[in-house]
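You will see two complexes here that share subunit A, one where it goes with subunit B and one where it goes with subunit C.
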Partner chain A sequence: MVLRETDVLPTGPGTPTADARLVDGAGPDGAIDRDDQSGRPPLPASRLSTTLHYLRRNPRLVAGLLILLGLLLFWLIGSRAMDTTARSRPLSGPPDMEPSAEYLLGTDTAGRELLPVLIEATPRAFEVGLLAGFVGLMIGTVLGFVAGYFGGTADTIIGGLADTLLPIPALAVLVVIASTIKTNLTVEIMALIVASLAWMTPTRTIRAQVLTMRERAYVEVARLSGASSLQIIFRELLPNLSPYLAASFVSAVGAAVLASLGLEALGLGPQNEPTLGMTIFWSIYYGALLRGMWWWWGGPLVVIVLLFTALFLIAAGLDEIANPRIRRAV
Partner chain B sequence: MTPGYVVRRVLLFVLVVWMATSVIFFLPRLAPGRDPIRERLMMMSVSGSVMQSAIEEMARAYEARFGLDQPLYVQYFRFLGDIVQLDFNVSLMMYPSRVIDLIGQALPWTVGLLLTATVLAFSLGTLLGGLSTWPRAPRALSYLLPPLFAFSAVPYYLLGILLVYLFALKLPIFPISGGAPTGTLPSFTIGYMLTVAYHSALPALSMVLAATGFWALGMRGMMVTTQGEDFMIMAEAKGLKGWRVFLHYGMRTAILPQITALALSLGHIVSGALLVEIIFQYPGVGTLLYKAITGFDFFTINGIVFFVIVGVGIATLLLDLSYHALDPRIKHART
Partner chain C sequence: MDHGTEYRTDHDTEQSREALGRLTSRRRFLVTSVVGFGAALLAACTQAPAAPAPAAPAKPAEPAKPAEAAKPAESKPAAAAPAAPAKPAEAAKPAEAAKPAAAAPAGAVANIPRNRTLIMAGLGGEHPGGFTDIDNFNQYLPGLSRSGFSNAGTEGLFYYAPLNDEFQPWLAEGFQFANDFTEVTVKIRKGAEWSDGAPFTAKDVIFTFEMLAGEPTLTNGAEIKRQVKAMQLVDDLTIKFTLNFRNPRFVFDILTFRADIAVPIAPEHVWKGQDPKTFKNYDPSKGWPLTTGPYKLVATNIEQKLWDRRDDWWAAKIGFKQLPKVDRLIFLPGMNEITMAQKMIANEIDMAFSFTPGNMRAVQQQNKKVITHSDQPPYGFMDWWPIGLGLNTTEKPFDDPEVRWAISYAINRDQIVKFAFQGFNQPSPLPYPDFTGLRPYMEAAKPLLEKYPTNAFDPKKTEEIMTRKGYKKDGQGMWVGADGSKIAIPIITFPQHPSTTPQAPIVTEQLRQAGFDATFQLPADYSARIRTGEAKAFLWGHGGSMREPFSTWDRVYHIRHFRPTGTDTGANLYRWQNKEFSDIVDQMGQVAEDDPKLMDLWIKSLEIWLPELPDIQLVHTVIPLPMNTTYWTNYPSAKDPYVHEGFWHRNALQMFLKLEPAQ
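Right, the complex of A and B next:
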């Protein structure tokens, strides 16, 4: 739970003391609490109330989370209410039906019912995004820390690699990979393909953050008191970076969803499982656009727009926690 | 800007292109069990009657013909040599057209659309974003920006789908697809240019609508930071005119990170534009890529991917160089 951590942990690379005060509104107590070696967390009750209090001041975060919750409920309730796996297959209904009482979102040319397709496809978009975002951010964090903390040759190699790979449009390379291993591509493999080109941005930004944090006084104190490099990384740097990492994670998820949707819209997605992008692809392939079959692409479009809006709002909300300087920017 | 910097930047560009082509060469060969020649022969043997032993013999003959029986490093250098000469072999779906000719026909369309839409979105977004932080900006701006911010979270091609449905199908104002009426020959006459502009209006609009908010958002953030700077207070204390402070002091400083952001997001923009083309069946590189993917035309896919990488690389290079020419603080003494 990212949210609850934020009111105990010093927030990000900005000014820790001012941050903590802003977040838990407790004044200097917060700062003293943090410097305490035992790191006692505040009482759970006050923690919850400060979280709620903070959430009221960050409406974008709340709105984004609520939209995500709505999409999850759509999947949970939908998959309980009907047999989505059977009814999302081709030939499960008559072809080209407009939305009606029987087929709520209509059917496509292959006879798939589009409501169950949508219910099946929504969690897949989450899955690809979360998996690819997580793997990409993990690689980026490890490389970013190695490059930023240890510097030297490792920094030159990692930085050089990230710099040369970054200007290469990911979709172009993904197209080459996905078109060569097209046979039985699954959602998981697709997520890994997307992740393989999603680590450069996190590597660079995290490296930059580590570089500035490495010289901070509290790191110096830890070093002087004999902490090893790993202890400093895990005890001092990582906790301080966690709000920043959470914000990067959300944007990594967004980028991964965008990349996977792009691949799917080109027809390079999983063939046997319904996904949002593949539904768009089939609707283009069968000319649904020209035939006026709005219900075919309309559902995926709404879900994708909601998903991206939610991720955008959450990223903006988390950014505000991680980077207090832009607090009044938007 | 020193010559040394330019040389180093160009070398980085060459390095990027070399890395990318190497990735394109090696990645498919790492994937296990995919053998295009045998697959294709198998596909053909389904329709005709071919002996199983003959297929193996034919496959070996083709491998020798394409040099696939050579060691990997020989193939790799041959591949690099072909690419340097812009030789991408023949297209499998539109045999015997050469891949380079197909791309040559499609490229002007993509470059034209992409350039127009990006320049429009970037300047419009930057201006609107900057203005929105200005106290004397028109009131209407505060109603215009939120929808643009919302659009910026949506992929270009989804907006494209919506625009086609609304303005080509429901209200037939614009053509549904294509880059020009079928049967017209490309020419540099004003009439032809106008039809092209008319056909490109919706694809361009879907990109501009989606991207303007992104640039406005970035510029707004930068302007807010800039307004707290000492030189802004100084400029106002000197009694300079409002627009002068806004343009010469505020915008001039805040626009620099926007150019960096443009260089960094070029890959995204190009990928998005390729997908928009598919929606509108615009005769550019994106539609060609779509056809190549649905037609299993690996030579064309590789050629397009190479051109996209080189194109983005060149654009990034130009932006980086212009950034260093624009920023008065960078002199490039040593770095």
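Right, the complex of A and C next:
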């Protein structure tokens, strides 16, 4: 006889699945439940105030989100305040101008105005990061689940491939790929190049997570209850893994931004649209450091530092949600 | 439990003993080191009291210390304490981490003061980061660095300096053509010698040419095989070449040192019996590589190559030339421009490979002793490689000369000079450098250039031509053809080249502003893409002529070099086919350089070339090379361009001979 969940267990909060989550403490629900058990007054019912209450406890996440918001505002306001597309191109101003009222962040040797360049380049860094991070994580998630859940030959092949590719320095491979691309590189192609080597780490870590989760009681029960593999993956495993995936996604975005900046700074990125790395490439090419043209490399540097700080803080904040053990006492 | 505790205690004690043992030996090691260091210091101070105490070198036998780095290649390491330099503070500092030459030739490396040493960094950009040809001095194989052997040790039969149009016989005394330019007799200078004292004779020349003709894969081998039918040894100092065809340019093309060109001669008594494809020509115990020039190799390693003056130079002995004042030449490999700039500011080097204009200005601001070829624009020296925007003329719409002219009118060369080169350049109306010997031809071209202004920036003309050709502008101001497609101009060029790379964003933007869908890329495989025609548009130079127009026409635009797209070609990269033009070029090749008929043919060729405009002319290649006058003066300059200052080129010897010490 096939034992089904509905046959023996009532649905609702008391289901073994929910209990298992509580025991594992792996989900955001778990966090709230634990608070309930700690004897504190019950949380306000409103979802917004719940969120706010939680955010107050997680200042790193808040700080990261605020910096990110600041960068987005910089782009949104900047791109509406001036014609950044035209003014970020070469010959839009005189060469080598120091910052002034007319050229707020100065110009480079080719006559690009550097403020519009920064305004244009900031969302591109995000775009590459989000796209490459998303694609890399998606591939990694699918492969990680296939390898971890089904095991066998699939695990051997996927694991072997990931293990083989992982120790190869990604930048070296990316340099080769980028330099053999025949068409003009766009930000999107660049993101795909970066994503092509961004899936191994997620594959490995997600496979490991799935391996442990596969053996947990609630999965066993679901399996005994007749749930199919896909149902287990999508209804049991993925929801429990989502905070971890969110934290991984932020890390993947950071790694992708870093890889793309490296390629751009080597002159292998898109050249016909302003990016942070391309600005650094030309500032190195023209010896901006030696010539004291701090405004040339200073702007991109500040944006890069802010971007990585924000990503780090958000990843740390999300990690706290995903992993209650590192949660700070309130 | 107790037993267990005892056991752990014993184990801990053993560990402690082991640790104590390690400590003892470490202490012993430290004591030994300190004593060793003290002894070394004492020895050094006793021998050279003026020298500041160097940071403890581990081995006292290591002669070169940072503080007195004058002896980079003390080749007698057995002499533990090196001979004290007379003035260590002034001693030449060849490289930051002056290590003894691993493969130094036999014989001590003398200690030469900094102010008698000429230090050159970066070569022509090759061997970045370190020499890879430490023990290879076979200049008939590719890949050899231009670090002294080719430019200070080897001499030419003749020299040509393009900046002042000076041709001078050197190892040869002269030549005489005969039989309608199918024979030429060359006379070797009496008294010329190799560095081992053996005479330099016509036999060496014949041996070298036969060796190269027998092995076409060697540098110049194929060309010698094509041009030379036979050689005859008339006497020890006379050779008669019989040529395969009428060839008035044989002496200049093959025997005359200029830039990197011409055939160097090898000593028969060293090379005979060797396989030229594998022979390294290096054996310090035998004094190899032999030279005829006034310098001999004294040290070669990954960081530097040292060449010291040879006082028994033949030219000084027979009174042909005076000995150079530079006692030592030090060549440092290709390196980062910022590193070179910092070394130049700190007077650690005297010359460096081309700087980008911005860096040059920054260096000059911080070190007033650094000069360039001229203090007037374009500041640097003229190279033989004017840059153009090449188009694959077999591709539509670039197969249409009118479209090529429309593109040419869209480009503002003055803006390129201002933005890409900060004034360190000038527009180039024809694919020829502004060399003295070429100027009469450029003068003669002026009336035609007024009719066909290759450097004119005239957007209205672009508009007029494109409209006439049926193109219309779309909503974004881009030209579109009848099928609605834009005119894509995907430009590629070198990732890092001082003359082409900085132009790429500027030219691209100018074309975009004129309605062409231009983009640019700096791919690593730029050369292959251009040679196969895969690149539709590219920035590239024109090399060839130095004193008359035939060579560039022949090398760059002749129909015999034409290959269809997809097939590799090293010349006629534009894939331009014009039989009439090529016939005129062939006629030019038959005419001697000083024959007035050459001018007539030049004008005829221009009458075809200019309306066709196979590629778009942009600007010259001007090399702003920094020269430090702290230790040396009388560098080549616009006022006295006795040679150009490319110290990696074959004719650099002329500069080494003329430099004067500043101190």
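Points worth noting:
Just so we're on the same page, the second predicted complex is superposed on the first by the 280 of 330 C-alpha atoms of A that agree within 3 Å, B and C clash if a C-alpha of one lies under 4 Å from a C-alpha of the other, contacts with A are read in each partner's own complex, and residues count from 1 in each chain.
The rule we apply is simple: a residue touches a chain if its C-beta (ideal position, glycine included) is under 8 Å from a C-beta of that chain, and two chains touch if they have at least 3 such contacts.
Every value quoted in this text rests on a predicted model; they were computed, and no experiment measured them.
With subunit A as the common reference, subunit B cannot sit beside subunit C without a clash. By the touch criterion stated above, A:I177 is placed in contact with subunit B alone, subunit C being left untouched. Contact with subunit C, but none with subunit B, is seen for A:R89 once the two complexes are overlaid on the shared chain.
With both structures placed on the common chain, the touch criterion links A:A256 to neither subunit B nor subunit C.
In the superposed model, A:A246 makes contact with neither subunit B nor subunit C. Judged by the number of subunit A residues each one touches, B leads among subunit B and subunit C. In the superposition on chain A, A:L290 makes contact with both subunit B and subunit C.
When the two structures are aligned on the shared chain, A:L118 is found in touch with neither subunit B nor subunit C.
In the superposition on chain A, A:L166 makes contact with subunit B only, while subunit C stays out of contact range. In the superposition on chain A, A:A110 makes contact with subunit C only, not with subunit B. In summary, superposing the two complexes on chain A brings one listed stretch of subunit C into steric overlap with subunit B, and the stretch in question is 95-103; the others among 5-13, 23-31, 77-85 or 95-103 show no clashing C-alpha atoms. Touching of subunit A by both subunit B and subunit C, each in its own complex, is seen for residues 179-181, 267-268, 285, 289-290, 292. Every residue of subunit A that touches subunit B in the complex is listed here, in rising order: 163-173, 175-177, 179-181, 183, 258, 261-262, 265-268, 280, 284-285, 289-290, 292, 294, 297, 301, 304-305, 308-309, 311-312, 325-326, 328-330. By the touch criterion given at the top, residues 12, 15-16, 19-20, 23-24, 27-28, 31, 34, 150, 152-155, 157-158, 161-162, 164-165, 169, 176-177, 217, 220-221, 224-225, 263-264, 266-268, 270-272, 274-275, 278-279, 289-290, 293-294, 298, 301-302, 304-305, 308-309, 312-313, 316 of subunit B touch subunit A in their complex. Across the complex, subunit A is touched by residues 337-338, 341-342, 356, 358-359, 361-363, 415, 418-420, 422, 490, 495-496, 501-502, 504-506, 508-510, 512-513, 519-525, 529, 534 of subunit C. By the touch criterion given at the top, residues 89-91, 95-96, 109-111, 179-182, 184-185, 267-268, 271-272, 285-292 of subunit A touch subunit C in their complex.
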